[in-house]
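One structure, as structure tokens, below. Some questions next.
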């Protein structure tokens, strides 16, 4: 129990430190939301608007950084993430609430699928080492090194078009209203296919490789030889003995990768105009939108920490050895 | 629950043979629901649909800025000679989409709203008294508003008093169910886009034939470009590199690009406090060698920033009416030899490929602009090679946008491509470049303009005179004076004009403004959109 | 006596080609029904390799380069284990020949319960068996090796080393195989535990009648527990005889060296002579008798001619064999 | 009765006349050293990497054109004059790719080095010292793990006016060490209780020496693959930053090429030659590094090394595939023999063998 | 018996002494124990007394997990002790690190249990030995001195010619050779006491013999005090002057080796000796130990049995054994032979029921 309290204290500390850094680092950057807005419009917005914008954003009274920091924590404890500048006056919480499901669904599901497929292929390649499956490796290595935005852009160019099944952008058909019905869901799926494939292709190989290596390592363990000696079917040895054990180290990697869902795929969402959080984060970064940035960073921080916790727990569940008391 | 799905009518739509909607796109990234017409950050503003819901008092054609304004919600506007007051007669047949009648009270309320909320008064208009007499609103101002007349009359969305007076903070309200006087009402807002449907009753004008407007905000220019090429967008304003290849050729019959210039320009600002660029002769020579045609064709894809030909920096078309008599017909000529001669006469030496100033120091210049602005970057690359022809070694720097912005404002730059403000007269252009009132010492941010720290009392005086003039003659005199200073002193090298055009497809809808009939600008986010939409007809009818 | 397992000219190499290590060379060995055959020899002399090679369980780069392993089932004709198809070999393994490996911790899969690991043998070899009877059988086996059946659901790490080793023995016996191969099953255990386990094994053998190949370094243990002992050196069997015979009267100088290297706990303290020299390099084996560089009695045929394992011309020669030029053989074995 | 004990000389092997002559030693050492190159993956990876490094060094001098120079050949497809075609300004894409190799390789390796050094220092110290130091350092690396790298880099680079490649490498290096530090810490934790570490402590070694000379060499494989992983990460980060126009130092890198190509919608214009080569260059560099990584893994871990060999050559030139659980059997004929003749086995036991058995 | 006389070396000066040495390893609490106040610990070593003298070998035997290695590591100061005292030449020493630890290490060196694990695979033999010499200032001043010292070391452990071994890596050596390198490394510090933790358990009999002879030789030539930990009781008899028996963290019997191995007093020692394999007890006449004797698992060290820790398994257990911790009792057959067992307390035996005592 003391251990758990320690872990929790540790996580709280990490969260605090990360949030604090996330507060201060962006504020070291010159410029402010108003200047960014003006620059963004490049002439579409008259310089006369500057004053009104400062008033609008509430940036006209100059508060010290420290006072802002204190305010930020006060707000945070009230569950208030503040108002976004880029999307003024939308509350940050609403923006995140709108975008997060998209990211979680697209990247999250893709990550899961990628992990499943990659692990499956990795098990296969590791078990059948020396057969044709070794030919998978160079291909997967190649794809794991391709920048995925590059892949995405090429996919858009090659696969989308006026008559193509694949839409080039967006999360769903623009004339639809999100609802759980027979029009919306297929449309959302259709829109997520290409980005999902892109992420899949460039991330699946990582899982294949690590799983394969683990399989190779585990295959030479004594208990595998014993399993063979016991005359078990090849399937059972491969799945229940080798793969089951080889999976363990990958589980924590998987849990952590779930934590990086938001932070990791900014560009896919941009390339595909996908209405997710990564895309919004990039806009917030460009616009010096501190409240929004902080809100998203908070989400990332929490999700990484939760993923860490999950990794711990998953290990505890899957590896009986760690369940040992004492 | 499928029956009450908000999408159920979509199934019917799909089956219809004729298209009764228009797909409009903008490359403005994610949008969150905000239909507040005053907020610059609102989705209504970013996508432009606020002008389909709310209307201005008059319509003004930026392509022909000198033409008189078209009455819109106002049946007439009468400015005092000194432009310190105006009388607005409000149309009496307009109704709000909730059925209430639009009155002069609403107009007065709107002006009062701006007056009392600095946050909403984006053009910083110095309102004074606002009074109502019957259907006439009389507005007075603290200073003459000649140069701002269109911002007041043609760019202020009129909002219903009976709704807005209940809103506690109009600056931060997202105006969830917008009630306006325009031809459309909001149908739905989703992350994928906004849909407006045409008003079935109560609109004062002809009801547009486009039954539904579907707005989509794309992540960036590329996505928007792809959407245009695919036909996912029928109307947009976006920079298309090589529009022929990327857009027009995809459907040459219907895909069109129209980009008329307006009174707002882009050019190379020179920091006039830095030696040797404080030397007028040097600046003139540099100005002479810039190859504006190359920039137009290579950096601006032959359309986006229409090439500025007049030495006054005024764009073709929109600016023609304002060019001073002495500069009529005088055009930039990309005259390397002339520039060399000029430099020689001013004591500069060109030995081999290096130009030295009279003190013997080689002339070098740093050009800077943020990297993501690829047309500026391309322009700088071209300018760099142009300068090399007269022995000036230019280097291109690509600071981060914020850094660049700060550098430009505080005067910590040597030369930079930037835009000017735009307006109904050339005043805004010249003010941004030369106004001594905006002059700030190096190191202090000059937010409003005069980034090059150009010090010219004549220019400042002429600009003030123009703004406050009470007669057209006085204005013309002042404008000629302003242009003279601009041409002779070359404080900034104009390159291209802003455009108010669009990329569109007339596959489904025709009636767009063209060179032949430039009845308005064509950007889908400007006040004149309700004017355009009213003229669109189904292509196959 | 009736043989169960006959190893004929078995050759095993690690790797192939020039760099190959010939770990087992021309080994001929017969295991009889119901006996405990002890296998001793220097570290690296190929004992484990031989044991694994029997059922083709050697890890890469092990290759069986020749020979045959003939198995005599209780009923039916003998057949060559090395010639079985994969499927047949799987069916053969554990049902006919079970192996207890050296490290029990590594032999049990750490993530599966003991019960799972016991019952999946049954599932694989007799798919028709009901789950209930599988569990019953597993319990029975645990009881047999002296572990309370309520430890069925324990994970390997929750058991002590001795218990794990006993689970492995129980698992080896679960299909009532004819042959049990035990590779240093008790090296890591203390003597009390060691005796407990071996005692149980001997007792079970008497009850169930299987044969055991028992590999260990501990000669005292071997002498005490096995019927016959084979001594390996440099990949070959150098001597093979009943346990008592070897202990009292080893013929091969290497066997003698081994027997004079361990101290006795009881009785007078005897002289410990040891074996001079160092073990041979299997990749570059000495010519002739591989023991000759260390052999105090080496004479002229030793460096050049490989002695053949055969019956010595001693009085009890019929029951034993040796590969040494000091004891010219009358007839080669096999 | 007095028991004589054997003399030392008698029982200690490897002495005097009894010792077998040692095989020639240097030959063996040499074989070991070049073993790494014998690995086909390693050799291939190293060759590709070598080409990249070569062009990183000489690239800017051998470009056929000035990569900045404009010409009148706008958007030309690949030709003998312009191998990778030209840009919208008539610049030679091939020259840009060559010229862009240096910053990519430089930033990749410098950032990789910085991150590796940091992760080694932090990870090993935390793992070895444990206690408060461990808690503090783990918290530190967790904080860096939690802060999303790319956004952090975007923010930091935008603080800098005109970030140079050096600075970018520094930023990438300083923000991307945490993952490796975690891995190293875990490895160190498992190594720290090894007997040989305890033994060197018992010998009286100082702590820093134990870390530097006993632990570190045993972590080479982990460090090396961490290094390579970080290099790949750094390259991709640099490309990404350049692609979205954040990193913009003067000069070319592959990200800048992609940035321009994308800004000009090269693919939509049909100018695939402008967009494709830079991406492929990245992918091949990454592939080369990954291949080297595998090879290091297999080389350093004896387990993977022997398990990595899946085929053996027989003397007669045939090959034998190794399988775990089913040792190949070579019959006396030269024919490779990986599976035995299929003999149906009856449930009642005996099946005669094709070969004649019995005396 | 004449052999006893012979095996007994003249009692030398005391080098290292442990008095009441105790080590408890704290155990992480379980969740449900959070609210109870008890703090669990593995009682690995409890109240151990031990004396190492110059030129003498003390053997420590006992079952797996009885705390033998822990004693060695405590003596080497690799673990902080929970209680008790370690005296080096009569002086209490407690060192944790730094120069004090090095000074201690110069006098007391440890050989680890597993020769395959205790040499760093990435370093050559030369490196291992050089470090040991340098740390303790035995490397001399010049390279030649060092080279000579290295040769000297290797010669001492009979790895000759030295140059053949110096530049090898551990994996290139056989187990016996590695073991000797480990010994050489310990000798490099020129220690007075050597703590050898199962130095031969992994080796086959012929190599095992070589190592033991080497240790004996060192003891005699260098007058070392040696602690020899082993499972192999026969080798303790053969090699050690004194033998101590441990059970579940406590010493249960001690005395000179021949006596302890031939006439064991404590029931556990007897069980141990009876269990040891004996080639003279040939197959066929196998006499498996009666089921009830010494059967059962080793006790939990977290909650060790009360009283005598062996009592749950002891065939001769009496009522007192369950409650009272036995004290060291002289057996009386040979001077210095003692056992911690109530069977040797006449009063206890007398008060016990006749049936119980008869088991003796």
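Annotations
Note that the chains take the letters A, B, C, D and E in the order they are written out, and that residue 1 is the start of every chain.
Simple rule for what comes next: a contact is a pair of C-beta atoms (placed from the backbone, for glycine too) under 8 Å apart; a residue touches a chain by one contact, two chains touch by 3 or more.
Here's who's who by UniProt: A, D = Peptide/nickel transport system permease protein; C = Oligopeptide/dipeptide ABC transporter ATP-binding protein; E = Peptide/nickel transport system ATP-binding protein.
All figures in this text were calculated on a predicted structure; none of them were measured in a lab.
When each chain is reduced to the average of its Cα atoms, B sits farthest from chain E.
Chain pair with the highest count of contacting C-beta pairs: A-B. The distance from the centre of chain A to the centre of chain B, each centre being the mean of the chain's C-alpha atoms, comes to 38 Å.
Rounded to whole angstrom units, the spacing between the C-alpha centres of chain B and chain C is 91. Here the spacing of chain C and chain D, counted between their Cα centres, is 43 Å. Residues of chain D in contact with two or more other chains: 1, 3, 5-6, 11, 13-15, 158, 244, 262, 268, 307, 310, 322-326.
In chain E, 3, 177, 206-207, 209-210, 213 are the positions where the chain touches two or more neighbouring chains simultaneously.
Counting partner chains per residue, chain C has residues 52, 57, 59, 86, 89, 91-92, 261, 268-269, 272, 274-275, 278-279 touching two or more of them.
Taken together, the chain A residues at the contact with chain D in this complex read 10, 13-15, 17-18, 21-22, 25-26, 28-30, 129-131, 134, 137-138, 141-147, 149-151, 153-154, 156-157, 209, 213, 216-217, 219-220, 224-225, 227-228, 234, 237, 260, 262-264, 266-267, 270, 281-282, 285, 293, 297, 300-301, 304-305, 308.
Only residues 1, 3-6, 10-11, 13-15, 18-20, 23, 306-307, 309-310, 312-315, 320, 322-332, 339-346, 348-355, 357-358 of chain D touch chain C when the two sit together in their complex. Remark: chain C residues 52, 55, 57, 59, 86, 89-95, 98-99, 101, 103, 106-112, 120-121, 124-125, 155, 157-158, 171 touch chain A in the complex.
Those residues of chain A that touch chain C in the complex are listed here as 220-223, 225-234, 236, 240-241, 244-245, 248, 318-321, 323-324. Residue ranges of chain D in contact with chain E, taken from their complex: 1-3, 5-9, 11-15, 22, 25, 194-205, 207, 213-214, 217-218, 220.
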